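Common to both upcoming complexes is chain A, partnered first by chain B, then by chain C.
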Partner chain A sequence: MTSPEIVFEEVSKFYGDVLGVNRVTLRIPPGITSLVGPNGSGKTTLMNLMTGLIHPGRGAITVRGLSPRDPERLMRITGYATQYDAAPRGTTGFQFVSTGLLLYGYSQTEAERRAWKALERVSLTEAADRKVAAYSKGMRQRVRLAHAIAHDPEVLVLDEPLNGLDPLVRAETIALFREFAGQGRHVVLSSHVLQEVDVISDQVILIANGTIIAEGQIRSVREEIHEHPSQFLIRCRDASRIASLLFEEDYITEIKLNQDRLGLLVWTRSRQEFSRALTRIALDGHSIESVLAGDENVDALYEYLIGGGR
Partner chain B sequence: MAVYRRGYQRYRGDLTGRWARLMVLPRFAWKRLLEQRLVVIILVAALFWPLACAAFIYVSNHSELWPGLDRDFAKMLQIDGQFFVIFMNIQAVFAIVLAAFAGPSLIAPDLANGALPLYFSRPLTRLDYVLARMLVLVGLLSPVTWVPGVLLFAMQSGMAGGSWIVDNWRLGAGVFLGFLLWIVFVGLVALASSAYVKWRIVAGALVLAFFFVTAGAAELINEILRVDWGRALNPGQAMNQIWRSMLGAEPMRGPETAECLIAIAVMTGILLLVLERKLRAVEVVS
Partner chain C sequence: MNTATLRQVWTIAKLQLRRVFFAKRSLWVYLLALFPSVIFIGHGIDATLDKNRWASRITPAAVLDSIQTGETDEAVLARAGTPINDRRWRHREEDREHRYLMYYDGKRRVNLSFESGILQGRSARTLIDFEEDRLVYAGVFQYFYLRLAIFFGCLGIFMNLFRGEMLDKTLHFWFLVPARREVLLAGKYLAGLIAATLIFTIGATICFGAMLWPQDPAEVQAYWQQNGPSHLFWYGAAAALGCVGYGSVFLAAGLLLRNPIVPAVVLLLWEGINGFLPAMLQKLSVLYYVQSLCPVPPPMDSDVPALMRLLLAPAEPASAGTAILGLLGVTALVLWSASRAVRKLEINYGTD
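Showing the complex of A and B:
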């Protein structure tokens, strides 16, 4: 059985003297994976590499066991929507999607059936017979997505797929990604909207200057960042007392009390020790309503690992 | 190792073959091109000369219609390699004009719109893409080149009888292969121009300029260096020499057929190199 992962091994890509990505080693499991990084960091290069649109100068890539140098096989299981608005403006949305399917080798009838189904999934059936030139930005984004999913790919690679979508369609699109990921497929996407990345991603890949800064589940990535104390938001009745108890621990670096005195924000260098201390405090009879990680999100990871470059 | 759940099924139905998939692009391109009035006008205009040639064949095979015809003049009416060389040279010009109008719309818009990733993220290689675009031109140029040429050959064969075919089968093969060579060459010029500049009109002008400039450069070399091999650099004349050789017609003064073949091969190599450099899914910045 072939590996259901996307594997990069020591992959480097230079555009002449310009660095694309450098010595990237990754194993991307099925699920939703978000590529996060500033403009020009190498996100699109990674996507182009995994879809075989460009080839690495060094290293090897396999996508579910297939080489990107074999488009005949790779593209049958891969759907790619670039960030560029390249749909021919003279064709209708339906023609655009169905013609793409004919290139996959589907019969006319099967291509038309699948095109309708794909347009239905992105809520674009009403505008299917209108020319792409008359589409709004969000509609063009959706028709690109329909084009990418129409052949029911196992690997969906999407460059900035949520740009220009209204909230309702955005929610539907995210639901579509979840459905794909839930079936054991890959959904690899890049996005600048970090709050959304946070909500939808099973794992993130942080990239800057062509180098992978971090990869994995958001929580495990956060746990690896030791130089920045972890933040926890505690909701409790006796915030001042709990704050004074926590301050006795040497791994606690800072505590801020909420104005309503019903909560506090704690910075700790040791998550485990903090967890144990909090358990002790609770067992001593202090009421703690909730504990939330304050910086277990992509926004914080971005800030810690990449900095203010975004 | 993690256990991955798989809740989908791959498509197991029939798929069309490689050529059927390749023909998807030409199908749409032909439809679009034939909607252009100018292309239709050129196609129609290109039929007049074959009709005139057909009339000539008819006349040459019905000398009884011209009683008292001078023997020397009757000899001129003979259908031979020279006749087909003249026919091919005229039709070759129509092929260039058609390629100049149709060729630039094949690649330039894809490059300008950044649409190449759309094609290459399908089961299509760069070679497939070029092949599909070339098929558009082969389909468009065939009705003005080898199709009327082979029809004229068939007409002559029908009128002159079986023995004529046996003696002159080489003419039919020469017309077909010679034109095919020309279509591929002109097609490559059109595709390379279309890939080199993203503006359709400029790309069209570049196709015409290619043939004018190489012809001018060839004459210039011949005049300045007082040689005649410069003709090999004029694709029209080089091809003419190759055709003469294929059709058994009297060769022109200047470079030999082999030299002309080498010149055409070198130019073809350069055109392929332009396509290789320019047709990339992602624009390479250096």
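Showing the complex of A and C:
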């Protein structure tokens, strides 16, 4: 039985002397996985490696049990929307998607039917007969997505797929990703718009300088990096007194008092110990109105992990 | 190769063909292929116009042949009648009158040159000389088509199949389909070959037709009954095999090198010095084989320097069978290297 995962084992890729990715080991299960990292971090390199556009200098990759060096089988189950337009000059959106399908061995009729269906799924039927060169950035993004999904792949790889989409289309596109993921398929996408990743991903892979620095569900990733303090916002009446009590705990690294003196921003190395301490303080009669985790979104993670953290 | 693979090769070739035929960068390839036809058509139109213009003033050839040096212009005019052209001028320093009379006998244009009324010299030129035009065509085919047009046309077409798409950032379209890289290579090569062969064989055939068009119909008919079809076939075959050979070389070069100028210069030099190379190395040349297939040797003036003569003529032409098999052998070797290169080819348009 073939593995339903995308597996990277000790994969390294250099472009001459320039590092692409270094000793990457990953197991990507089905669902929506986001690759997050700044420009030049290696996101596209990982995507190109898993689709066989480039080959690793060392290590091994399998995509649902298939090698990227076997495009004949791999590309039947994989659709990849790159950042670049592949449509020849003068081609309409419909022609671009349908001619691509001919290379999969579909008949002209079947290719046209599938192309139309794919364009419908990305809400591009009205512009289907217009030339791709005349499309807006968002429309180009959608026609690339239509091209990638037209053969109904099990693995969908998308490089910055939400760039340039208006809010309505973005919501539709995210719904499409969820539908794909819900059917047990892989949707691997890259983004540096972190809020998008936060909302849509089942798991996230954080990458910087060609190295994976964290992977998993966003909450799990946050917990994995226990060496970085977690941030909590506490609303309370006696902020100064609570701050002094918390400072007695050695896992508390920093406390900031709000200007209204009704709130605290606390950095802790141990979420569990911090939770227990807060319970004790509350039981001692100090009024605590609310406790909010301040850094469970990807922005905060990103700041910690890639931007250097605190 | 099974049927499915062959069908895939053909699908790739069909899609690629549209890109080759209708690309803006193909325009100069069409111009290269058709340029000699324009010259031959121009020559034909010029000769036909002259023939029609002078048709009413034909002087019998026997009369023109009887005119001897030393005769006076008045005597010539009395015997031959009104010329088709009569020009005279006086040289100021020498104080002598010069006169040129031009006659037409239905085939030849005869120029008579007089000084002070006495015939000093005569020259004749056939308006349309089939023999000469066929030699000129042989020269145009070998020196222009084989050495320049097909060479640079294939450079433009085949280098762009991979390198051009890499520059346009569209190559991933082909790499992301369920086809082995070798199949992709075969499909693209087939597309380039069909395009180049059609463009250059049609170009050379139009040029051949343009050469025949103004000739005497009786001569043309006789030619068609003898060597005409065979000549046309071998010119077409040489053009097509030139595309086969150069196409494979430039396809491989497009996979291995970034800059097309480098392989172009190296190959041009290699093909150029072919005549100096040992017999074994001569066989590693496209030009060596395709020149051997040409049915008419190109004209070579007797005053051409020996070095130039060596550069322009194949040292020892191969037989047709050897030439075809040799060229296909060289092509297979080059395509095999290209298939190894395409398997390793990576797409990297820029940083991520």
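FYI, the second predicted complex is superposed on the first by the 251 of 310 C-alpha atoms of A that agree within 3 Å, B and C clash if a C-alpha of one lies under 4 Å from a C-alpha of the other, contacts with A are read in each partner's own complex, and residues count from 1 in each chain.
Going forward, a contact is a pair of C-beta atoms (placed from the backbone, for glycine too) under 8 Å apart; a residue touches a chain by one contact, two chains touch by 3 or more.
All of these numbers come straight from a predicted model, not from anything done at the bench.
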Overlay on chain A: chain C relative to chain B, clash or fit: clash
Chain B versus chain C as contact partner of A:Arg64, first or second or both or neither: neither
Partner chain in contact with A:Gln183 - chain B first, chain C second, else both or neither: first
Partner chain(s) touched by A:Arg76 [first = chain B, second = chain C, both, neither]: both
Which superposed partner A:Arg140 touches (first chain B, second chain C, both, neither): neither
Which of chain B and chain C A:Ile54 touches, first, second, both or neither: both
Which superposed partner A:Gly42 touches (first chain B, second chain C, both, neither): second
Touched partner set for A:Arg121, first chain B, second chain C, both or neither: neither
Overlapping segment of chain C (options 5-13, 59-67 or 113-121) - the one that collides with chain B in the superposed model: 5-13
Residues on chain A lying within both footprints (that of chain B and that of chain C): 15, 48, 51-54, 71-73, 75-76, 78-80, 82, 84-88, 99-100, 102-105
Residues of chain A that touch chain C when the two form their complex: 15, 39-45, 48, 51-55, 71-76, 78-80, 82, 84-90, 99-100, 102-105, 159
In the complex with chain A, residue positions of chain B that touch it: 2, 4-8, 10-11, 13-17, 20-21, 24-25, 28, 109, 113-115, 117-125, 280-282, 284-286
Parts of chain A lying in touch with chain B, wherever the complex brings them together: 4, 15-18, 29-30, 48, 51-54, 71-73, 75-80, 82, 84-88, 99-100, 102-107, 110, 147, 151-152, 154, 182-185
Touch list for chain C against partner chain A, complex: 4, 7-8, 11-12, 15, 18-19, 22-23, 169-170, 172-173, 175-181, 183, 344, 346-349, 351-352
